[in-house]
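Shared between the two complexes below is chain A, which pairs with chain B and chain C, respectively.
Let's turn to the complex of A and B:
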């Protein structure tokens, strides 16, 4: 009886181990597949042209950072730095606005009973139904008439309005998850609604704020369509600047890849930084 | 001096549920009042209206003769303890207790001393730097109590504060709550559905059902003179026996199955005035005894089930009028299946009219 049980146990253990290895192998293959382009981009940016096009590929080489130097200080007169700053400004401003305004809207929708509450929430989400390209002409016209064409402000406004609906909808879900008693306790303790929002509700949806900030930032940072049309020149963001490369006849691959690397790095760092706030379960144990 | 007054207060929820109907209730200064009732009886709505967390549909609410019917919760100067503790999960225990003082702009040094005092009273000093998640249920509820008593509010509100705790902790904490009340003499409104807990902590019990107050009084009042059938059934453990009864043909006695219980002349007169027929006769298990006398005033029956409870046993008998439970000494208990005779202590019996209101307390 016991023998049988033990055999079965060790057999299942072997099966489990085999299954684990299969899963690990699959995961490794997938990660490799996903990261290979990134690897190619980064290595190409520090290779010479001969190294980049050598066959078989050169795996071991001395990296040189000329491309970065050129991209930052020589290229096009003032380099990529200006466009990086444009992207940074537009992304930070529009994400911060979207998260802050979205949090206030979401809190109102989650916590106050008023006529058409749910309809408004759905309407906010529905603003994302139509493809953005449908708005490109009116937005271009508005930017021209208001004199904001080729200015970061235009992009900030467009990105904020694009991200706001997502932020509101996401954060509403997070606010709804806060046990209502915690806020009622704060009310009875003598706090105003505004104080409760700032001191109780916001800290409790920190994972939601982080998630929303990451999503908004990624969307704004990578957005190309609107940027290329309403900010094509001085206010161009890094995706617009990058697109200039592929248009030219002979591409300098090292510089192209160096700019690409610099375009990816900030948003990657930002995501990694905020990631630790994404832990759920902050409200667990608050009640019961 | 009345401290809190509900004047014809009604609560109607969207959708038409009437949670509280024509509530009139006065809580005296320094009194500990318990709202007792089954779930959905309106006790929580009453407390939440008092706290300002729920709007009052109609009627008035007075605090020290001041009308606070529409006053926002944060201006009412009350402290509330919730069933699920409702601690701030992102704050340490210290800051949780300090929150009401922070809201009032109390200087930091004073907050520090007062939090430490309160923590000492409630035996949670060693937890002040922890997050609430690390505490047990009993400790969390102590923190919630601490947050309430850190200041001296007009009123303490407690919404089933012991509901989620284990039995032994409940008994321990309810004694502490009572002791705190003796010391602070603060007016308290407390909600529970546990009558034993209600009796242990409060000065006065308000029994509620279906949105209405059924009866007010001490547990003894409620046991001895239940105002209606609901109170009689809800209060008392093991629960009261309720049997169908009619007035005998000559009107001189109460007839319960084959049993006749004689009525005194004033009682006859009282019953004659009752409209409709069919009464409910109520007798508590502890007021029924076994007897050898085969008289018309005793109830014949057969032992169905025995539930020993130490030196007493709950004996459930089949009688012509239905099941009847009696609390009898565990010595000399008849065996299941035996024929027995039961005598009801008439002076402890209750009679409810066709409308379920109490008509007589004590028969014969």
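Let's turn to the complex of A and C:
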């Protein structure tokens, strides 16, 4: 990547300017492509029913917020708030558990030498690749047998396990980065191993804990397949609620888009918060 | 000293055991259970107990045209989606690496789709691609298409629409990761290449690309595995139609198990899928293990 800023004298200013404009044009075109569907979702959520269905599509209109009101307080007799709360409960509980259990395992793997250490680490990583659809039949039967079908507990357990490989791998990397001398000093000071883990090591990887928690939360919040099978009714989360859309004959576009908007806006904010560790998290620490 | 070592081992065990227990319970045990179910006829919601039939479900698979079709559709979808995402993503990573004012802000906007709930992106694209009132058809006609395009019910169209929706979400991911990888290449490497008299193209092929290789591996494998398991877009946009043209393996398993209630057969398909994914995953894990060992 030669820099546009560093130019040889033989290059005329016109060429540089042309190149810059091409870069701007390409970047803007792509950003337009990336944002257009989000724009459509948000604008449709403030259309009336007729406007949402209109041909040709209505581009200029006065926004109204009936769809939000209906989604929150009217929709099918039970507002979408119930499903938002289900999602929130499952998301918070499963990411907290995943971060906690993951941090423990990561610390154990990063700081203790024992036979099979690396095998365990790579086994945990490989669970990331197992396709959920491969487990869906047994998990469904297990949930039915244990009476946990359509309960948030089943989802919390499944999502915790889903996020554990991410949590363990990311945090293992963060633990390996802190200089071991700090912990050795604590050991000399008479701290036990557990005290060192809880009071010395954990605070040092706080950015890692935050990144892991946010990424786990996003994955749990967005998960659809398990939720649709083991939490189809009362415990349904937001994606399950949204999926009911394709089955309903009387599609109310504006209301579904309102729910969709409410489901993705919190995540957008999280993504902006996460910027610093986003790449590291998304690639399991392989790329920084 | 020996006592301390033993205590250490106990601590390590206690630290790792809870996570391992969860993974054994929710990953390993269900996989074994799936193997067990796959050797039975097992119909959802029927009171008769499952009946042992050995490998019959697997021999059925070999003669099942829908299964072979699903494998093919999955292969088409993964290859198309991942290659488009990769090529455009890496191109954009270079584009966004230009040092121009305002590009950083544009880059932050461009990655917003990554975190959108896949089901919500299915909903948006279903709306945009709708034949009767979708915005994309409006653009198509504006650009001179003689009639409305059947984006979701036409034969190659439906699969391409899924690729479009998938690419919308994941090009930014490839771009983001490759951008980070590009930034991590130190400036002096390029200076050295310049001193050695390499042309821009030679620098790209012999310097930049080899340095990007590890990141490329990570991105391609992650994308391939995730595209293979993708189900949300199909659920919302095409439901496997028209005539099986978008019925991927994931969708076929889902519909066998939970739309046709044939759990035994679905489990057999799932086992085959797990084996395929495990092979791909092993390549990834082995490479990482190798790099760590170095």
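Just so it is clear, the second predicted complex is superposed on the first by the 227 of 288 C-alpha atoms of A that agree within 3 Å, B and C clash if a C-alpha of one lies under 4 Å from a C-alpha of the other, contacts with A are read in each partner's own complex, and residues count from 1 in each chain.
The rule is simple: a contact is a pair of C-beta atoms (placed from the backbone, for glycine too) under 8 Å apart; a residue touches a chain by one contact, two chains touch by 3 or more.
Keep in mind that this is a model prediction, so the values were computed, not measured.
A.B. asks: Mind working out whether A:86 is in touch with chain B, chain C, both or neither, as first, second, both or neither?
C.D. replies: neither
A.B. asks: With both complexes superposed on chain A, which partner does A:179 reach: first (chain B), second (chain C), both or neither?
C.D. replies: first
A.B. asks: Taking the superposition as given, does A:216 touch the first partner, chain B, the second, chain C, both, or neither?
C.D. replies: neither
A.B. asks: Comparing chain B against chain C, which has contacts with more of the residues in chain A?
C.D. replies: Ranking chain B and chain C by residues of chain A touched puts C first.
A.B. asks: After superposition on the shared chain, which partner residues are touched by A:200: those of chain B (first), chain C (second), both, or neither?
C.D. replies: Only chain B is touched by A:200; chain C is not.
A.B. asks: Check the residue A:189 against both partner chains and state whether it touches chain B (first), chain C (second), both, or neither.
C.D. replies: A:189 contacts chain B only, not chain C.
A.B. asks: Looking at A:45, would you say it contacts chain B, chain C, both, or neither? Reply first, second, both or neither.
C.D. replies: In the superposition, A:45 touches no partner, neither chain B nor chain C.
A.B. asks: Does chain B (first) or chain C (second) touch A:95, or do both, or does neither?
C.D. replies: A:95: touches no partner chain.
A.B. asks: Which residues form the common part of the chain A surface touched by chain B and by chain C?
C.D. replies: In chain A, positions 282-284, 286-288 sit in both the chain B and chain C interfaces.
A.B. asks: Mind pulling up the chain A residues that touch chain B in the complex?
C.D. replies: By the definition above, chain A touches chain B via 179, 181-182, 184-192, 195, 200, 203-204, 206, 282-288.
A.B. asks: Sort out for me which residues of chain A touch chain C in the complex.
C.D. replies: Residues 1-5, 20, 23-24, 26-28, 30-31, 33-35, 37-38, 40-41, 44, 52-57, 101-102, 104-105, 107-109, 112, 114, 118, 120, 122-142, 157-158, 160-162, 164-165, 168, 193-194, 197, 218, 221-222, 224-225, 229, 238-239, 242-243, 245-246, 253, 256-257, 260, 263-264, 267-268, 270-272, 275, 278-279, 282-284, 286-288.
A.B. asks: Applying the document's contact rule, which stretches of chain B touch chain A when the two form their complex?
C.D. replies: Those in contact with chain A are residues 51-53, 72-74, 76-80, 82, 84-90, 99-100, 103-104, 132-133, 137, 147, 157, 164.
A.B. asks: Across the complex, what residues on chain C touch chain A?
C.D. replies: It is residues 7-9, 11-16, 18-20, 22-23, 25-27, 29-31, 33-34, 37, 92, 94-100, 102-103, 106-121, 123-128, 132-135, 138, 168, 171-173, 176-177, 180-182, 184, 190, 200, 208, 214-215, 218-219, 222, 225, 228-229, 231-232, 235-236, 239, 250, 253-254, 257-258, 263, 266-267, 270-271, 273-274, 277-278, 280-282, 284-285, 288-289, 292 of chain C that touch chain A.
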